[in-house]
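This is the structure I have questions about; it appears just below.
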Amino acid sequence: MSEQAHTPIPLKWVGPLRISGDVTDEISVPLATYETPLWPSVGRGARISSLIDGGIRAVVVDERMSRSVVFEADDAATALAAWRRLESSREELQSVISATSRFARLIDLHVQIVGDLLFLRFELTTGDASGHNMVTLAAERLMDHILSVEPGLRYGSISGNYCTDKKTSAVNGILGRGKNVVTEALIPRELVTKRLRTTAERMATLNTRKNLLGSLVAGSLRSANAHYANMLLAFYLATGQDAANIVEGSQGITRAEDRDGDLYFSCTLPHLIVGSVGNGKGLPQVEEALTRLGCREDRPAGENARRLAVLAAAAVWCGELSLMAAQTNPGELMRSHVVLERGSRPTP
Amino acid sequence: MSEQAHTPIPLKWVGPLRISGDVTDEISVPLATYETPLWPSVGRGARISSLIDGGIRAVVVDERMSRSVVFEADDAATALAAWRRLESSREELQSVISATSRFARLIDLHVQIVGDLLFLRFELTTGDASGHNMVTLAAERLMDHILSVEPGLRYGSISGNYCTDKKTSAVNGILGRGKNVVTEALIPRELVTKRLRTTAERMATLNTRKNLLGSLVAGSLRSANAHYANMLLAFYLATGQDAANIVEGSQGITRAEDRDGDLYFSCTLPHLIVGSVGNGKGLPQVEEALTRLGCREDRPAGENARRLAVLAAAAVWCGELSLMAAQTNPGELMRSHVVLERGSRPTP
Amino acid sequence: MSEQAHTPIPLKWVGPLRISGDVTDEISVPLATYETPLWPSVGRGARISSLIDGGIRAVVVDERMSRSVVFEADDAATALAAWRRLESSREELQSVISATSRFARLIDLHVQIVGDLLFLRFELTTGDASGHNMVTLAAERLMDHILSVEPGLRYGSISGNYCTDKKTSAVNGILGRGKNVVTEALIPRELVTKRLRTTAERMATLNTRKNLLGSLVAGSLRSANAHYANMLLAFYLATGQDAANIVEGSQGITRAEDRDGDLYFSCTLPHLIVGSVGNGKGLPQVEEALTRLGCREDRPAGENARRLAVLAAAAVWCGELSLMAAQTNPGELMRSHVVLERGSRPTP
Amino acid sequence: MSEQAHTPIPLKWVGPLRISGDVTDEISVPLATYETPLWPSVGRGARISSLIDGGIRAVVVDERMSRSVVFEADDAATALAAWRRLESSREELQSVISATSRFARLIDLHVQIVGDLLFLRFELTTGDASGHNMVTLAAERLMDHILSVEPGLRYGSISGNYCTDKKTSAVNGILGRGKNVVTEALIPRELVTKRLRTTAERMATLNTRKNLLGSLVAGSLRSANAHYANMLLAFYLATGQDAANIVEGSQGITRAEDRDGDLYFSCTLPHLIVGSVGNGKGLPQVEEALTRLGCREDRPAGENARRLAVLAAAAVWCGELSLMAAQTNPGELMRSHVVLERGSRPTP
C-alpha cells in the first residue's frame, strides 16, 4: 500500500507574453492544470500584451523569506528586554545565520509580545531558493543561540505562525514574504473594444463592484481579485514550486481604471513565493521548464528567482484581464467555458 | 509555442488510515506532491489512527456550493423590495435551476445590499460534483429570470465575489461552501508518548500559542492550523480536483486538548471543496485513484463526494498531528526534514 | 475613593438634515463629543441634504440582536445531532424565550461546530431595545432548556463571541446584528462644486483609493469608510446608547460614484446598534434628546428604535460626505481643522 | 436649532488598583459610562489586584502615532524609485517635520505600492499628545515637500486609510499605533477560588473557547477578548480622550493559563491611543481627572501619556478578569447584571 508513482497533470505552453521593466522578453509560460479553459483565457491576455508597446510592465518591489519562532519569557518585561537586546545585535544574529548558508542574509526582524510570549519574525533574503528550508534551519540555530544568551527565555515553538506559511494572513502583505511584484499596463481603447469586447469604464466598474466591494462583503482579507489562484497553481505545478503557497499568492489586488477610454490594468502580488532551485527542481520536466523560461542561467544569486516571479505575475495579469473582461458581458463566461472545455479538453 | 504535454507529480499511497463515523474504513490515500517529506509525516498520523479504537471519527456537518451575482438597482429600497420578493419565491427559482441540471437543488439564499447594489448568494447542493460549473450555469439562468421579473434591476456581474471562489474569506465558513467536515480522536497517553514523542499538555500548549495566538497576531482570518494546505494540495492533485480550492481549504481550525493525559485532537475543515465527477476526472490516473478510494461506486448522488471529503479530511488530520508533535520538540522538525528528504526523494 | 459624579460632554444640535424613505423628516441631530470640529463638518453635509429633493434616502434592510452560547458535546456527531434537533424545534425555543420578554422573538439560529464544541447563535428581534440584556436573558434560559433535553451537551459559556458584541468581526455583517441601514443620495453637480468644492469624479477616485484600497492594504475587515466612528460616538452619547457599540458600527461601507457629473454617495451601516428604551435612557438629558428626535412616540414596538437608527445613519452620511470632500483638496483638511477648532471650541 | 449644551455621563472613581512595572502605584480610576454595572465589575478586579504582590505588572512595549498619505505615480517603477529615495532621506523628512512641532519625531516609515499608487505611512512619537493633529500637520508638510522633490508623483490623499484611524485593521497591531501595553499577573489559587469563584483551569478553558475559538469563527481580526471596549470607553470619556479610538482599542488579546492552580491572566493592548494634552483636555472635569491620576506632572515629554496608557490598560485587566470569571459560572452573568443594575443605577 505504499507504492510510488506519478500523477501527470495536463500542461501547455501559453503565449508569448510581452514583458518589460525588471524583465524584458517575449516568452511563453507553462501552465499545468486540470482546468484547461485556463489556457485560452491566459492566451487572450498574452495576445493583448504582445500588441501593447512595452507589453506588461513588471516591477519587483521587495523580496524576503520569513520564519517566526516563539519563546516563553519570565514575563512581558523580560520579553521586551530580550527583544531590545536582539534588535541591536543584528550582526551577531547574522553570524549565526551565515554558518547555515552562504545565501541567507538577515534583512529585518519583527516582534510581537503577547503577555509573556515573545514572537520573533526573522526576515532573510535567500538567493534563488524560495527559502522555506533555509529560514527554518537559520531559525533553529538562532533559537539555540538566543536561548544560550537570554536566560529569561524558554523554547516555545520553531514555528509560531507569525511567519506565516501557506495560510491566509495580513502580516505577509504588510511586512513582506516572497517576492512583491506589480504588473501593469495601459491598454489602448481599440484593444479593449476589439480583443476584450468591453470598455475601460465597464472594466473599472466591475472591478470596484466585484473585486473590491464583493470581496469586502465576503469578509476577505487583503484580497481583491477574480482568480489569481488559478494562474499561480498552474504556473507553480509546471515549474516545480511548492504550490501550497498559492494560499498566500491568492491574496493580491487587481486595479482597473478608465483613463480617457484606455484601460489601466494592474495586478499587485505582495507575496509571490517562488524559487528556481530547491525541492522539486531536480525532476526533468521541471528542469526543462525552468531552462526554457531562462531561469537556470548563470546570474547573480536571486536573479533567476526574480525572473521567475515576474513571469508568474505576468501570467496572472493575462488570466485576470481575460476573465474580468468576460464577466462584463452577460452570458460570455458560461459560453466561453462550454466552448473552451469542449475544444481544449486534454486527450487522456 | 502551444504544444501540450503533461507534468508528472510524484505520487505515493500513504496509510492505511482508520476512519469511523460518516465513513468507516481502513484505507490508504494518494498524495501527489513535490514536497515528499509529507508522505512519512502523514504516514505517522495514519499509523496512530490505526492504533486507536474507531480511528479518526469523521462527521460531515454540511454541504453546498455557492455562486453570488450582483445587480445594480434603482436604489437601495428597490434592491430590498426585490430581495423580499425573491426570498419568498424559492420554488420559482428552483424551477429555473432544475432546467439546468437534475442534481442542482437550491437550499439557501443570502443577500448583501451595499448602497444601490444587490449581491445575491445562491447556495445549492450539486450531487457528486464540486459544483463550480453547475452553480455558474444556474446563476446565469437565475439572473436572466430575475432581470425579466424585476424591472428595477440591471446586470452587474455573474460573479460578485460574495461566493467566494479560491479566495480567502469569512463568508464561506459562516454560510458554508463545499463540505464542512470535522475529524477528531482521543489519542491515548501511551501513543502520544511513544509514537509522537510528546505529551498531551505540550500539544495543547503549542496549539494555543502557535495555531491560535500566532495566527491571530499574523492577522489570519478564520484560520488556526499548521499546514492543512499541504495535505489538501497533495490529495487534490492525486484525485483530479481543482486544487486552487486549497485557498479556502487552508482556512480550518485545529484543536488540541489535554484530557487527563490523553490527547483530544480535531481538525475542522469548514469548506472542503471536492467532487468525484466533473473536470479532470476523465484522466486515467485520476479515475484509478477515485476507484481505489471507493468513490466511483453506484450510490445515491452526493455519497461518493462526501466519502472523498472525509478521506481528504482524515489525511489532513494525520499530517497536522504529526507536524504539530514534531514542533513540540526542539530540533525535531529540521532533523526529520533532512532525513526524510534524503530518504524519500523521488527518483526522477 | 468611590464617589459618583458626572462627566459633561459638549453637545450641539446640528442640522436640520432632510431625510426620506423609511423616515421622512427635516430634523436636527444631537452630537456629544470632545472633537468639536465634527459639528460644522456634519453641518455642511446636513445643509447639502436640505438642498436635495428628498434629501438623504434611508432604508432599514434588516434588524435583529444576537447572543451566541457554547456547549461542550460528547463529540462532533453529538453536536451535529443536537443542532439538527434544535433547528427543527424553533417553536419550542420560542416558547422558552417568550417567558423572558414579550418583545423577544426568535427569527433565526446559526451554528458553528468546531471539533466537539457547539456554538449556537440566537437571533431575536427585541422591540425598541437594543436588546443586549434581552438576548442574554433569553440565551440563559435557552441554555438551561437545551441542557435539560440534550444529555450529550454540557455548559461551555453563556457568551461564545460568535455573537459578537463590541468587537470587530465578519459575522455581524454577514448574519446581521442591530439595524442594517443604507443611506444614499444623488447630489447634483452644482452642489458638489459649490458646497463641497470638489467634483463627483474626484470623490469617486478618492473613495476607491482611500476607503477601498487603503483599507484593504491596512488589513481592514468589512470596513471601507473615513470616519463613521466619530459620528456614531457623538450620536450615541447624546442619545443614551451603549457607545462601545461603535466598534461594530465603525465597520461600514462608503460608496461614491460619478454619474454624469452628479455624485452618488451612500453609506451602508450593516450593524447599527441602538435602542430608544433600556439602560441609560432614564437620564433627563437623554430623555429630552430622544423626545425631541421623535423616538419616544406611541408607536408599534420597534418603530422608535428604527427611527433612531435612521437618524444615526443620516448623521453618518453627512459627516462622511463632508470629510471625504475635504480630503480631495490638498490642504483643506488641516485648514478647516484649525479654523473650526478655534471657532467652535466649547467654552469650558 | 444649533444651541450648545452638555451631556452629563455618570462617572465613578473605581479602585484602588495596585500596579507595578512601568508605573508603580495604588490608585483609583475614573469610569464614565451609561452601563453602570461596569463599576462593580472593574471594582472586583481592582480588589484582586490589591491582594497580589506587585499587583498588575504593566509594560509599555512601544509607542508611536501614524498617518498615511497616498500619491499617484507615473507607474509602479516610479513609485518604487521615489520610495527608495525617501527611505534613505529620513533626516530630510525629519527637518520638515521639526518645523511643525518640537515634539514630533519620525521613528519609522512604511510603504505599500498598489499598481501605480504609493501609500506612505509616517510613524512619529508625539510627546504627551495622542498625536492625531500633530501627524496630520506633519503629513501635510511632508506631502508638499515630497511633491516638490518627486516630479513623478501627484497628490492622492492626505489620509490613505493605511494609518488607520478609528477603524478595524491588522496594520495597527503589526506596525504599531498608539501605546502597546501589556498587563499581567499571576493570581494565587485562593484568590481565584474565593474572589472570582472559579478555578484557573476553568478560566483557561473559557478563554480558549470563547476569546480565541469563538472570536475566530466570528471572523474577528487580531481580537480575542470579552469586552475591552467597555472599559476603554468609560476611561476615555472620563479623561477627555477621543473615545472613537476604542475601535482600535477593542482589538486586543486576553490570555488565561492554569499554572499549577494559579491563574496567569494577561491583557495585551497593542494600540491604545491616549494623550494627556490636546483636544478635550481643557475642560475642568477632565483637567481634574488627569491631575488626580497624576498625569499632569512636570515630567519628560511622553511620560504623562505613558502613565495614562498604563492606567487605562490596568482598568481593562480588572474588568476583563471579572467578566471572564462570571462567565465560567452558569447563571452568574445575568444575576450580577440584574443585581448590579438595580443597586448602582445612577440617580438621574
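We just call them A, B, C and D in the order they show up, numbering each chain from 1.
Methods note: a contact is a pair of C-beta atoms (placed from the backbone, for glycine too) under 8 Å apart; a residue touches a chain by one contact, two chains touch by 3 or more.
Chain by chain, the UniProt names read as follows: A, B, C, D = 3-hydroxy-3-methylglutaryl-coenzyme A reductase.
In this text the structure is predicted, and so the values were computed from the model without any measurement.
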{"item": "Most remote chain, CA-based centroid, reference being subunit C", "value": "A"}
{"item": "Higher-contact pair (C-beta pairs counted), A-B versus B-C", "value": "A-B"}
{"item": "Centre distance in Å when subunit A and subunit B are each reduced to the mean of their C-alpha atoms", "value": "22"}
{"item": "Averaged-CA centre spacing for the pair subunit C and subunit B, given as whole angstrom", "value": "34"}
{"item": "Numbers and ranges of subunit B residues touching at least 2 other chains", "value": "112, 114, 117, 170-171, 173-174, 213, 217, 219, 221-223, 253, 255"}
{"item": "Interfacial residue positions of subunit A with respect to subunit C in the complex", "value": "170, 173-174, 208, 212-213, 216-217, 219, 221-224, 253, 255"}
{"item": "Complex contact set, residues of subunit B against subunit A", "value": "1-16, 28, 30, 32, 34-35, 43, 68, 70, 112, 114, 117, 119, 133, 136-137, 140, 143, 155-172, 174, 206, 209-211, 213-215, 217-221, 223, 225-227, 229-230, 232-233, 237-238, 240-244, 246-247, 250-251, 279-280, 282-286, 289, 327-328, 330-331, 333-334, 337, 341, 345-346, 348"}
{"item": "Residues on subunit D engaged by subunit A in the complex (per definition of touch)", "value": "21, 57, 59, 61, 75-77, 80, 110, 112-117, 170-171, 173-175, 180, 182, 184, 219, 221-222, 253, 255, 264, 266, 268"}
